[in-house]
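Quick one: this structure, given as C-alpha cells, is what I'll be asking you about.
Order of writing sets the labels: A, B, C and D. Residues in every chain begin at 1.
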Amino acid sequence: MICIFVTGGTFDKTYDEIRGALSFEDTHLQEMLQSGRSRVDVTVRTLMMVDSLDMTDGDRELIARSCVECPESRIVITHGTDTMVETARVIAAGVQGKTVVLTGAMIPYAFGSSDGLFNLGSALSFAQVLPPGVYIAMNGQHFSWDKVRKNRETGVFESL
Amino acid sequence: MICIFVTGGTFDKTYDEIRGALSFEDTHLQEMLQSGRSRVDVTVRTLMMVDSLDMTDGDRELIARSCVECPESRIVITHGTDTMVETARVIAAGVQGKTVVLTGAMIPYAFGSSDGLFNLGSALSFAQVLPPGVYIAMNGQHFSWDKVRKNRETGVFESL
Amino acid sequence: MICIFVTGGTFDKTYDEIRGALSFEDTHLQEMLQSGRSRVDVTVRTLMMVDSLDMTDGDRELIARSCVECPESRIVITHGTDTMVETARVIAAGVQGKTVVLTGAMIPYAFGSSDGLFNLGSALSFAQVLPPGVYIAMNGQHFSWDKVRKNRETGVFESL
Amino acid sequence: MICIFVTGGTFDKTYDEIRGALSFEDTHLQEMLQSGRSRVDVTVRTLMMVDSLDMTDGDRELIARSCVECPESRIVITHGTDTMVETARVIAAGVQGKTVVLTGAMIPYAFGSSDGLFNLGSALSFAQVLPPGVYIAMNGQHFSWDKVRKNRETGVFESL
C-alpha cells in the first residue's frame, strides 16, 4: 500500500479558459492512474495545490508531518520541480524508516504531451522497491535527496 | 546503461489511414522517451514488429538470444500483452544473471490516452533496481515471470 | 437548427482494448461538439454505426428517408469515407430542397491527432450557408455530390 | 486561394517548460492544417504573435493594411478572442470587397483538447462561401463584425 500526497506543481497545472491563464483546480492524479491502468493499491490525499515557488516553510512542515503520521511506509509526493529538492531535505530531516519518493513534471498533464504520466509510473515503481530513504524520481531516474539538483537552464535533474 | 528491445505489440500499433486498419510502422519508443524527458542511458534495438499472438517459437528464441548476447545486464522489452508471459518463460530458461523486464500496453501510444508511457516509466525504473531475474511490469506493478497471468477478460495482469 | 445524423465510419472508430481491435461503441459527436465549444443549435441522431464498406442499400435508403422526414432543412451526416460518394448519390436522388452535407475522417477522433474535429467544424459551417443540394465536406473543401471522388491511394477527395 | 494571417492569441499559446509559463513561439497553423488534412489552397503569413489584450492601434492598422494589400480576396485571421471584435471593426473601416473571417480559440491547440482545430475548419469554410464583409467565426457560428460581442463570463460569442 502506497500513500500519494498531492501538493500541486506543474504536474497539475491547468488552463483557465475564461481568464486565459494557468491555474490549479482539482488534481489529475486519479485520471492519470486510470489512464495508466494502475492496479497499485494507493491512498491519495491532496495536501495543498500550489506552485512550488510559492511553497512556505509551513507547507513543508505539513508535508513532512503528513509523511510521519500516515500509516503507510511507502509514499509518493507530487511536487513542483523548482523547490522539490528543498522539500526533500525537510522530509529527510523529519522522517525515519520510510521510503519517500518525490516526483513532478515539466509539462502539465492537461497539456497532452506530458512527462507526468511517465514520471508517475516511474515514481510508483521506485517507491515499491527502494529501501527507506528520501528520493527524487525525475527523467526516469532516481536520486537520493542530498545528491541531486535541478538544472534551471535545461530543466533536467542532475547528480551532484 | 539499459538495453531496450522492441518487439511490437499494442504499444506500437498505429492507424493506417489509407487502409483504415491497425498496423505496425516504426516504433514510437524514441518519441516516448523524449516525451517522458527520460535521461536514462539506453540503447534501443527493434528485434521485430509483430502482434504477440503471431509470435513464433523462433521469434522467442531470437529475443532470448539477444538478451544473452547484448553487453548490458539490464534489459527492458516492449511486447504484446497476450503472450508476454510465454516469452518471459523462454527468456527465464535461457538467460542468467541479468535483470530483464517485459512491458507493454493495452492502448496504443499513438491513440492518445495510453498506458504505454506510464508502463515505460515503470519498466525502466524497475529495471534499474530489481536484482537479476525475469519480470513483467504492467499496471504499475512488477511480477516474477512465473507468478503472473494476464486476465483476458479484464485485461489486467494478476498474481498467481 | 441543424440535424446531425451519425452513421459510423472512421470518424467514430474506437480501440477495444480487450480484443485489441478497432470497434464501434457510442458516437463521439457530443464530445466533439463540446470540445469545439460549438453553440450551433443541433439535434443528433445515430442512424447506424457501421464501416461504410459494410453499408447496404437498405442502410442508404434509411439515411435518405431520414433526411426527407426530419423537420430540419439543414443536415450534416457523419459517414465512412470509402462509400460517402455513393450514399450522397442516393440522397441526391431522394431529397429535395434541403442542404445536406456529408463529412467523415481519415483518422478516428479517439486517436488524438484527428481530422474529424476540423471536418466537423467545416461541415457544420458549410451546412449553414450553402444553398439546397447534397455536398461532401472533406479536407476543408466542399464538393457537389456529383463532382467528387475519393482518391483511394492518397485518401484525399478530389474534384471530377 | 485563401490568405491566412496569424496574429497570436490563445490559439497559438504554448507552454514554456523552463519558465513554467505560457508563451508564444512559432504558430501551430501549418501543423493544424496538416492534422486536418486540409487541401484548401492557402498562403500563411505571421503578422505578429501577441496576446490580443496587448494589441495596439498600430497592430490593428497593420492587420487592416495587410488585408487590403494581399492579392487574395478571401482572408482568415487567427486572433485572440478578447479584442477580436475591436480588430474586426478596424478592418471593416478599411477593407472593401473582400471576405475577411476572424477566428481564435479558448484553449491553446498545444494543450490537446482544443477548439482551435474545430474553429479553423469552420473559419476556412465560411471564408470560401460568404459574400464580401468582415465576420467572426467562433463556436461553429459566424457573425457580422457589428452584430457580435464576446461574453467575458462564459467565453462564448453572442449575437447583439
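One rule holds in what follows: a contact is a pair of C-beta atoms (placed from the backbone, for glycine too) under 8 Å apart; a residue touches a chain by one contact, two chains touch by 3 or more.
Note that the coordinates shown come from a computational prediction; the quantities given were computed from them, not determined experimentally.
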Margin query: Starting from the defined contact criterion, work out which chains touch subunit C and subunit D both, please.
Written below: none
Checklist line | Set of chains whose contacts include both subunit D and subunit A | finding: none
Item checked: Centroid comparison with subunit B (C-alpha atoms), farthest chain -> D
Next item on the list: Could you tell me the distance, in whole angstrom, between the mean C-alpha positions of subunit A and subunit B?
Entry: 26
Next item on the list: Would you mind pulling out the distance in Å between where the CA atoms of subunit B average out and where those of subunit D do?
Entry: 44
Note to self: As a quick test, compute the distance in whole Å between the mean CA positions of subunit B and subunit C.
What the structure shows: 38
Note to self: Using the touch definition from the top, which residues of subunit C touch two or more other chains?
What the structure shows: 106, 155
Notebook entry, point to check: Which of line, ring, star, complete and other names the graph you get from chains that touch?
Noted result: ring
Notebook entry, point to check: Which residues of subunit D touch subunit A in the complex?
Noted result: 10, 15, 17-18, 20-22, 51, 82, 106-108, 110-112, 152-155
Notebook entry, point to check: Inside the complex, what are the residues of subunit A that reach subunit B?
Noted result: 32-33, 35-40, 106, 113-115, 117-126, 128-130, 137-142, 155-157
